[in-house]
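Two complexes, one shared chain (chain A), two partners (chain B, chain C).
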Partner chain A sequence: MITDALRAAIGAANVIEDAAEREYYSWDLSQEPLQVAEIVVRPGSAEELAAVVRIAHEQGIPVVPRGGGISYTQGFEPSVAETVLIDTTRLKTIEINAEDSVVIADAGVTWEELYLATSAEGVRTPYFGPLSGRFATVGGTLSQNSLFYGSGLYGTSADITTGLEVAGVDGKVLRTGSWAQRNGSPFSRYYGPDLTSLFLGDTGALGVKTRAALKLIPLPMANQAVSFAYDTFEQAYAALHEAAKLEIAAELFIFDPANHAIYRKLGFSFLEGVEWSLHFTVEGIDDAIVDASVDILRGIGTRAGGGGREIDPSLPLAMRADPFGGGLRGFVGSEGHVRLPVHGVFPFSKVPAAQRGVVELIARNQDVIDRLDLRITFLTAITRGYCVFEPVVWWPDSIGPYRARHAPEDAVAKFGSVPPNLEARAAGTGLRREIALLMSSLGGTHLQVGKWYPYRDSLEPATYETVAAVKHAFDPRRLVNPGSLGL
Partner chain B sequence: MITDTLATIVGAANVVTDDAGRAFYSNDLSYTDVETAVIVVAPGSPEEVAEVVRVANEAGCPVVARGGGMSYTRTFVPTRPNTVLLDMRRLDKVVEVNTDDMYVIAEAGVTWEQLYLACAEHGVRTPFWGTLSGRYATVGGALSNNALFFGSTKYGSAAESVLGLEVVLAGGKTIRTGSWAHHSGTPFTRYYGPDLTGPFIADTGSLGIKTRVSLKLVQLPNASVGFAFSVPTFDASNELTLEIAKLGIATEVYGFDPLYNGVFADLGFSFLKGVDWTVFGIVDGANDAIADAGAALVRDLAARLGAEEIDPSVPMAVRADPFGAVRSVLMGPKGEVWMPIHGIFPKSKAKAAADAAVAYFDSKADLIAKHDIKLSLLTLASGTDFIFEPSFYWFDELGAFRLEKIEKEWADQWKTIPHVAETREVALGMRKELAAIFDELGAVHLQIGKWYEFQSQVEPAYAETLLALKRALDPDGLINPGSLGLA
Partner chain C sequence: MLLEQIAPDTALGRADSRWLPVPPGSVFAELQKIMPDEIPMVKLGLRVAKPLMPFVGDKPLYAQMLDAGFAVMGVMPLREVLLGRVGKLTGVFAPEPRVRDKRALNEYAVPGHVKTVLAFQLAQEERDGVKGTLVTFAVRIWGVDAKAQRLIKLAWPVGNAFGGKFASAWLVALDRRLSPTS
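Then we have the complex of A and B:
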């Protein structure tokens, strides 16, 4: 029996068979559940995790790795019931090497834990986490790719990775980059062909990450923010585009009127009367550099797009003051809506067309949206060199097992027993999918492909065949997160 | 005959079949034995490359791509007599400089100098923007081997500036990677699902033949400030170089040794007379205030570490004519051949690496003196990594390639220098021994080719995974066999 072997390998307490628990671990936030895993395991170390993979492989049972659980794209939802779901969140070791500017983190370390541990030693990863960094883990994020804090200067989680440790299907542990050198350490990604890359953004399809090496930079000594208001998205975006090309801001993003309404209620009263707002966070190793950069951004913000009005920058400053606190509000709206983001990754020039397309798509569905109380907000954010356009679709619905456990207590008390609203859910998930297809038709790509975004259909066949050939070479029996990436 | 078919594909004028011509193209700068290619073809387009590969592979002939020819590690030298060598330099089009979306698409045979000039016209450049040999080194060759210098301290190696590749695989199938593989996409990001770009970078041409590449663009700086310091010892030079690199604000930081400072003193930089160890570099900025503030931080740091500030005209001169120093990267000041070897180390191993090299040279002092071999110890920071490149100089037969690349007046003077077998053997033997010493210390390498030990230096799991990938992409082993030790 596999259960016995798993219990022997990682301890009986870490092999979960309870039905409700398995449901909690198996379903993400998408409101589109797939299967419930037959067994959930919680290994306590990279070695235990490798043992789990080996045992499952010997029995021919698929494994699926799960990080913090905040996927919106069925990343870790099992595609078959006979699955061993691996909760990686007990893998918590962090080794900081400030001398060599690298940190080795276990897959289950959250971005908040990593930020706190590194900043205590005066260093930080260049990209330092998504808004959901209180939950999102290093392993989950590298499998799905993500951006936000520091991304304007340093890119996504993929850009800061110098090496990976991966448990292959046979339980063999692969290390990549300079980590694979027999006397080496994981300071450089490039030593012969870059195999790290294959496992970044693979949504866990090619192997189970156990540890990751990430770059470190000195903690910035100076931080400022500057914000502007515009009448239209196009105006705000013109300024964002010009500023993004300079790569001098750490975070750059646009909020929409609907988001302003939410933030006004939270006390950001200066957003009263603001239609579209543009925000920059600037960081640096001394004040002179930061001041000079802010001056440049102020020049752009007040001139580009017909000229914006400078407003109180306390929104980006508040985010920086509590970088991973704000993400919690995203779980459940104040009126009990679930919120589901859907994004397209675009070259700068294509964002205005994508935004117009989505606005038109919404207009065509306005009757249903009004009738079922759906809402849509927009976040537009920059990562070094390109843009992520992210509409968020909201609808009233039951909150599901993940939100019930992790949303703020008052929200759970209020909305935890709301019954499923299947009509709104069908409309919401349908609208979300239509937006995804629209963005893909415009050339948009995606982070967090999971089992949800139209990856296979959007790729040139020759490239997809190559991805499939790599999958086959690494996982011939398709036992690692089957169904991910359409594989 | 396959040669006739190939001539039909690329045009008879673009085929070399005579003995001297085939030997010229089959040799690199490493003074090692090679097989001579059966034919050298110079395709004029990506389509012609694909057709050449298809025809050659169908006939069971291996294919090897050659860029500018500046390899010291047998990268493109054939290992089998029926090899079809592709001279890639006719793929010389800069296809698109996109300043809205900040990428440039170039064919593989474009040189770094050509690329830099084409981009600079539009006010942009690539983050890594070339090697000192960039007058001849091609984009495709540099990405296959990986490369360092201009831009490397801030932006890393050539690999880190890549957004996407177009690659011809064994059999002639063409794939594109990253967002370029999206059916409606452009090459603006490397990350869309598993990053297939990575394995083809630094593969030394073993997994496919690059035909076009997309590189990231950044704005040309509006201000550049040079800095230069004199330090008493090699260790002090390395410490200062790597501490400056950690600030994250210098675009290049590199160290000269007494030999190089002497050469530059003779070239007219008379302030270097009698100066032993120096650290040079550049801080770029979006405006004067930013560049000046950055340079001030560098100076403060240098002063704290006890370095003496000197005239910054060396780094400024290097920047003023970035690709003009071809002769000095090919040979020593008196017509000696130059033979580099490098190791890449994390900061914590810089001192051990420096000590080991110096101790090794001390142990060989008699042999070095007997054969009049000169040594230099050049250093560079790539990101925060220590790039250590000791070089050997000795008098030897220069050969057709070097003589073609240097000015006629020098070629005439130096073309009669004879080959002294014992001297060459001693120098090449020392080069190999030093590489082994570096590997023992955990070094990694660019430009692995067929010269650096690789299979024996990586962990078995890595070697097995790489072999599985090679088999998946090139089942019959017909793409640059022998590269990376892959048959």
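Then we have the complex of A and C:
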């Protein structure tokens, strides 16, 4: 019996068979559950995790790795019921090597834990986490790839990775980059072919990450921001585009009127009457450097796109103060709506077309949107060199097991007993899929591909065949997260 | 700390601290939710002298401070957030004039005005084997010109006492929210 073998390997307390717990671990935020895992395991070390993968493989049972659980593209949802789901959140070791500017973090370390540990030593990872970093783990994020804090300067989570440690199906642990040198350490991603890249953004399809090595930079001691108001998205985007090319802002993003309504309730009353707002955060070693960048961005913001009106920059600064605090609150609306993003990653030139396309799609579906009380809001954010355009679809619905456990108490108290609204859910998830197809038709790619975005159908056949061949080389029996990336 | 960078040596001020057995992220999230009725002096004021109070009863105090013209002057993620504003000594919570950032606060020079900065500072600290956060609520106030500075010095004993009560009550409210058994 696999259960006995797993108990022997990692301790009975860390093998979960309770039905409600298995359901909680098996469903993400997408409101589109697949299967419930047969067993959930919680290994406490990389060695225990590797043992779990080996045991499952020996018995021909699929494994699915799960990080913080806060994704929404079915990445960790089991595609078959006979699955061992591996919760990695007990893997918590952090080794900071400030001298070599590298930190090695276990897969289960959250971005908030990593930031607190590194900043206490006067350093930080260049990209330092997603908005959901209170829950999102290093392993999960690298499997999905993500952006936000620091991305305008340093790119995505993948861009700061110098090496990975991955448990293969046979239980062997593979290291990448200079970490694989027999006497080496993970100071560089490159040593021969870049194997690290194979596992970044793989949604856990090629192996189970146990540890990651990430770059470190000195902790920026100065943080400032500058914000602008515009009448139209096009105006705000023109300024965003011009500023993004300079790569001097750490975060660059546009909020829409619906986002402003949320933040006005939190005290940002200066957003009253603002249609579209553009925000830049700048960081550096001292105020003089930061102020110089702010002045450049102020010039762009007040000139580009016909000229914006400078507004109070308190919003991006407040977000930076508590960078990971907005994560889950953002998935439960203040009126009992669930909110789910859907995004496209685009070159700068394609974003206006994507925005227009979504506006037209909304207009075509306005009757259903009004009747079922659906809403769609927009977040546009930059990572170094390109743009993520992310509509967020809202609809009234039950909040599901993950939100019920982790959303702020006031939201759970208010909306925890809202019954399922299957008609609104079907309309909301349908709109999300239509938007995803629209993004794909415009050449958009995706972070956190999971089992939801049309990865296979969007790729040129020769490329997909290569990806499938790589999968076969690592996992010939398709036992590691089957269905992820369509594999 | 950002507070020391922005406030001159001549600023008057105080700091109140409390250790809480929770990580810094939880503190930042919760301190923004404190309601007026969780601060006894504000609760009493709203009951007996509502027209004179700079607060309303149904909105978090932090949000009301932003509404009242305090702007975020600087941050260190999960360590410090600094709010600041300028105003007349008699109208610290009046909505005008507004300054939107640190540089504007530094450059503001209209005679008779005072500058006020409030800092919420968080430091990871372990006590008796329990990981927690030392939360400090600090304030600095100084005059734009000598006359305003003299007025502040005169008013400071009252302001200091009031500020201390207010800060302590805020920290107690935070503690009550984050450690229900305390």
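The rule is short, and it goes like this: the second predicted complex is superposed on the first by the 487 of 487 C-alpha atoms of A that agree within 3 Å, B and C clash if a C-alpha of one lies under 4 Å from a C-alpha of the other, contacts with A are read in each partner's own complex, and residues count from 1 in each chain.
Simple rule for what comes next: a contact is a pair of C-beta atoms (placed from the backbone, for glycine too) under 8 Å apart; a residue touches a chain by one contact, two chains touch by 3 or more.
Worth saying up front: this structure is predicted, and the values here are computed from it rather than measured.
After overlaying the two complexes on the shared chain, residue contacts for A:Glu460 are found with chain B alone; chain C is out of touch. Looking at the superposed arrangement, the partner reaching more residues of chain A, out of chain B and chain C, is B. Shared-chain residue A:Ala469: touches chain B; no touch with chain C. Contact with chain B, but none with chain C, is seen for A:Pro347 once the two complexes are overlaid on the shared chain.
Of the two partner chains, chain C is the only one touched by A:Ser314; chain B is not. After overlaying the two complexes on the shared chain, residue contacts for A:Phe199 are found with chain B alone; chain C is out of touch.
On chain A, the surface touched by chain B in one complex and the surface touched by chain C in the other have residues 291 in common. Chain A contributes residues 97, 99-102, 145, 156, 158, 168, 172-178, 180-185, 187-203, 205-206, 215, 217-218, 241, 245-248, 285-286, 288-289, 291-293, 295-296, 345-349, 385-386, 440-443, 445-447, 449, 455, 458-460, 462-464, 466-467, 469-470, 472-474, 485 to its touches with chain B in the complex. Against chain C, the residues of chain A that register as touching in their complex are 112, 115-116, 119-120, 128, 134, 149, 221-226, 265-269, 287, 291, 310-314, 317-318, 320-325, 408.
On the side of chain B, the complex with chain A involves touching residues 98-103, 146, 157, 159, 163, 169, 173-177, 179, 181-186, 188-204, 206-207, 216, 218-219, 246-249, 285-287, 289-290, 293-294, 296-297, 344, 346-348, 383-385, 439-446, 448, 454, 457-459, 461-462, 464-466, 468-469, 471-473, 484. Contact residues on chain C toward chain A in their complex (touch as defined above): 5, 23-25, 28-29, 32, 59-60, 62-67, 71-72, 74-81, 98, 100-103, 124.
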